[in-house]
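Labels A, B, C and D are assigned to the chains in the order they are written; within every chain, residues are numbered from 1.
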Amino acid sequence: MTAHDVPIPVAVLGPTGYTGLELLELLARHPGFRITYLGSSRQSPPRIDAEFPRLRGRLGDADPQCRPIDHDAISRTARLAFLCLPHEAAMTHTPELLARGVRVVDLSAAYRLRDPELYARVYAHPHTDPQGLKRAVYGLTELFRAEVAGASLVANPGCYPTACTLALTPLLSQRLIEPGSIIINAASGVSGAGREPKAHTTLVEAGENYSAYGIGVHRHQPEILQTLRGVEPKTNLLFVPHLLPIERGILETIYAVPAPDVESRDLMSALSRAYAGERFISVREDAPTLRDVQRTNMVHLNARVVSGRAVIVAAVDNLTKGASGQAIQNANVMFGLNEAEGLL
Amino acid sequence: MTAHDVPIPVAVLGPTGYTGLELLELLARHPGFRITYLGSSRQSPPRIDAEFPRLRGRLGDADPQCRPIDHDAISRTARLAFLCLPHEAAMTHTPELLARGVRVVDLSAAYRLRDPELYARVYAHPHTDPQGLKRAVYGLTELFRAEVAGASLVANPGCYPTACTLALTPLLSQRLIEPGSIIINAASGVSGAGREPKAHTTLVEAGENYSAYGIGVHRHQPEILQTLRGVEPKTNLLFVPHLLPIERGILETIYAVPAPDVESRDLMSALSRAYAGERFISVREDAPTLRDVQRTNMVHLNARVVSGRAVIVAAVDNLTKGASGQAIQNANVMFGLNEAEGLL
Amino acid sequence: MTAHDVPIPVAVLGPTGYTGLELLELLARHPGFRITYLGSSRQSPPRIDAEFPRLRGRLGDADPQCRPIDHDAISRTARLAFLCLPHEAAMTHTPELLARGVRVVDLSAAYRLRDPELYARVYAHPHTDPQGLKRAVYGLTELFRAEVAGASLVANPGCYPTACTLALTPLLSQRLIEPGSIIINAASGVSGAGREPKAHTTLVEAGENYSAYGIGVHRHQPEILQTLRGVEPKTNLLFVPHLLPIERGILETIYAVPAPDVESRDLMSALSRAYAGERFISVREDAPTLRDVQRTNMVHLNARVVSGRAVIVAAVDNLTKGASGQAIQNANVMFGLNEAEGLL
Amino acid sequence: MTAHDVPIPVAVLGPTGYTGLELLELLARHPGFRITYLGSSRQSPPRIDAEFPRLRGRLGDADPQCRPIDHDAISRTARLAFLCLPHEAAMTHTPELLARGVRVVDLSAAYRLRDPELYARVYAHPHTDPQGLKRAVYGLTELFRAEVAGASLVANPGCYPTACTLALTPLLSQRLIEPGSIIINAASGVSGAGREPKAHTTLVEAGENYSAYGIGVHRHQPEILQTLRGVEPKTNLLFVPHLLPIERGILETIYAVPAPDVESRDLMSALSRAYAGERFISVREDAPTLRDVQRTNMVHLNARVVSGRAVIVAAVDNLTKGASGQAIQNANVMFGLNEAEGLL
């Protein structure tokens, strides 16, 4: 915490999913924020510690009872709202909250793609708040810190895009790889599929299993492209996600054709220089494992050239740096707190 | 196979659950049976190898297309039907099949409890085929082999009851333990909860987790009691199941007060004598693990007296000996095949 | 933190095991302590963030380089040492540290059993510091808080004893259960077996598996008895641990004969009253799961009478409340900090 | 079985590892082979059902007692030996067995690479049986069936090479992909690392984890290249294996640049035509999961063109089709049995 003596009051809307749970656990130990409102769109808003018994007795002074999402009530008690809601609900509530002076960190995909037409194609429903889109800042903190600081609306990045965008931005900006040659072979834990039970997410189906899905057609592909084309317009890529038989974590093995004469040390030094001083990025000589980053807000990066290919490995926790941890990192920046507060 | 040169034609009704899948995999390599009918009660009966891609190309001559459950059609093509259906459906179809001369091995609980009143209390719906109940033989093969051989309707035992009933029967019949002192601490893999996705069976909830459920009120408790009271009428017990974060397997740690002067070797020799010559029961000096029995039709048993308590450990695979393997074992007995045929 | 403005300097000896890793992660975010010394008995003390890459960049100002265990050097820089060492090493270093004015929280079993003869039998080597034994306070914080506060040497309890001792103490002291009838059916994650690879702890052997071990002869049985006989001298029990196919967590299903006329509500109200006001104990109406307590310092308790038996379920994380979390809880008490500091 | 009325006697040397266990389970239910010799190089050869209690009572007439590896004794009792030994031991025993008229299926890497110089570089020890190398047939059954039939020595392929070689051979031979553009992103279960406990294979380290290893330098890369360059000499590739937190299964996601105008249906029809009539290869419209092939001898293949890339997904079980299943498939071919005997 910096000079702030009084914790900043925040609301969490949609706390009954996995990003909500992760956010509450992180906020509960954050000295700079206090939870003043839990808003649920369920018919009967639950007590959050009945929904997640692991929160019993761990929320400090916060009222564990969820309430309906009432914009006026939220604006009276909170200066910031974290939205862990479905995309459509996020587009409904965000303008109401902003209009009442409540800043928003939105963890859905609602404000990630700048082009509402593209959004409509990718998410298969129209964008209902194109005005909000214009105000939204893409909250990949390390790349857009200055914009986040002044933002009223932060679009928290997707879990997959967080890892590869951080890995590839320095390499593209330094022209160390051919921008049209990128293949992102990604793998994620099952929590990325949300909390709703599905046929393919039961333990019997997902456990001891592994598979590719959404080959080349995953919704995170345009999100990744949007940011990387801001770095290098000729960027093109194929994104292939896989489902891992674990709860959490994302590891991406990224392939590209290196630019002429580029060697491993060129890739590594580009990453090291780009992220020198970053608290949450660790550039390392060996390839990371998921265990190295689970339940932390860290991104571990490694890169090399082998057999004529650049191979970059990036690891994050999909629920922490890939969602709720980065949401808090953004909130810390928005309110002038120490960026790492509550995230160690 | 014995003298049977022609495989016996069988139907599998309800093959789209986990006991159905297990049964099909076992039947596919069984030289004495051939699958002639797959019957599904779904609106649009699926191809079974689309439902379970692991069956692609592995069903031999069997037609992978499921059909509606048509009793006449079944009776024209099959001499035996395995029912992997819900309890209510089993009670509907069984009398129709029997009336048409098709013998039945029912894997549901419909015909396990002899008393229809008890059934109605335990399963919370009335028993609609009390006539069938009278014909049904409880198919714990090692204990009721002779009855099974002549049965037209076999009630295949529950997964939990299979392990502990085999473990306790010799000890009770030899009066080696106090019949009112039994505690069965059981643990099962998630496949025991069926294939339908549920909030508590997703990988994120069930994985890396473990919990007790149905403490003292599980539906298998009366089934266990029914058989054991046939051995020793004063039997009383507490059954406490737990959910393991794995696909399959049941391990039961059973506690009882030993009769005076009973030692470990008394327990062990009672088990060894009772099951000498049994192909599927292994009495061993050390406690079994689940890995020792998974995907086999075996029951592993160990017993000892320690700190004044008898401790018996029994392990089975809930889908094999605890369901589909035992169903085939019973079918082998019913048709005079080698009891172990197709089960090695 | 209370009035302490300056964090208290602490040493961690033996940080390369799992309790060491857990301790470092907890200390890294604890505002009241700072790590000033990492001591390893390895020939070449490693950098701890090379040993555990997940610690990269997450230890704040602490030097990640482990050093030899030098008592003088430790005493110059630390007021408290956490010992995550083998039992024998703990008995060697503890008197040296105490003699130099460094308080000790010992996470080994060296000082848990008060009787050195019993220790020698249970751990199969002589106790080399019987003087230390006399000073040691058993650090089950909720039960011995006052003694812990003034202690120079705290014996941090075993993981299994923590759960059942807290569960049974109020029931025995209120005479709600028969003291000679207790059976503790316990199950633990694999991290309880330590970090050294063993034949039975590989993923292929331990994964998708489950088994009983050390039936009635586990070393934690005398530790549990020692504390419970302090409550009720007639206590007797059988302790049967099982190995779960997961990383962490302990769930104990405890059986006992209830005293005459005792009902579920009597058990529950005894627990609730005993632990009213405790930050880390949650008495709940339904049975806990491991997921409810993993990576928290909480103990979840539930009790009921069913089928004539008392059944109590207790859940903890073996590395947190069962080891390093409780170590910090004890250290908080020893130094007059908020007992929950750094543990939320 | 074909006309063979008497099962062929076989030896298994090195049955105490995971390929040995898998082989024994498959042989136990194979009507065409019977196990007459278990040979172990351990100082004290164990009973195999003590080493693997899941084999208790499941080996039929076979003697479960392992014996020293005695070439004369083996030759008196067995016509074929399966070698599940380390590479060096395989090179020692193979010529002795061949000299005595015992045919060999070697599951080690000893005879996979035809060039002894290359072998020495890749495996870091000299090849001690270059004569044997000349006789050895590479046992990727579907591609080299005719040679296998007449072979006295079959080098059973590596687990990783089995999947991708079958996937890529038709595409390269039909010139549907650019031969220098291949990237094989592979993932395997932990059993691929052998049975010996290692720091990175414990449940705590490997469980809930995932990582890349041996990036571009894995020993299977030259094995894959050797076969594919036999199809298309210009083939070049990068092979990147990953470790999955599961027991078994290999899934490979393969990327290549398609030849001009090549579409998904071209890839699919090339695969379908190449493997029409193959019992163990299933070409399918959707991408396979590991669960679809685990504990089967099947290879599931899917291919498509998306975002300008060919993406091929291949799945096998590393212990079955990737090792012991294929070993039996080869033995079936060598002895003129039905190729699928014992493998359904």
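The working rule: a contact is a pair of C-beta atoms (placed from the backbone, for glycine too) under 8 Å apart; a residue touches a chain by one contact, two chains touch by 3 or more.
The shown structure was predicted, so the numbers you read here are calculated from the model rather than taken from an experiment.
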Maximum distance between Cα centroids and chain D occurs for chain C
Write down the chain pair with more C-beta contact pairs when C-D is set against A-D.
A-D
Gap in Å, rounded to a whole number, between the CA centres of chain D and chain A:
41
Roughly how far is chain A from chain C, centre to centre by C-alpha average, rounded to an integer in Å?
35
So, in whole Å, the Cα centroid of chain C is separated from that of chain D by 46
Pull out every residue in chain C that's touching 2 or more other chains.
208, 245-247, 288-289, 291, 294
Residues of chain C touching chain D in the complex:
18, 190-191, 195, 197-199, 201-204, 206-208, 245-247
Once bound in the complex, which stretches of chain B touch chain D?
28-29, 53-54, 56-58, 60, 208, 279-280, 282, 284, 288-289, 291-296, 298, 300, 344
Inside the complex, what are the residues of chain A that reach chain D?
183, 185, 187, 189, 205, 207-213, 215-217, 236-238, 240, 242, 244-249, 251, 253, 255, 287-291, 294, 304, 306-309, 311, 313
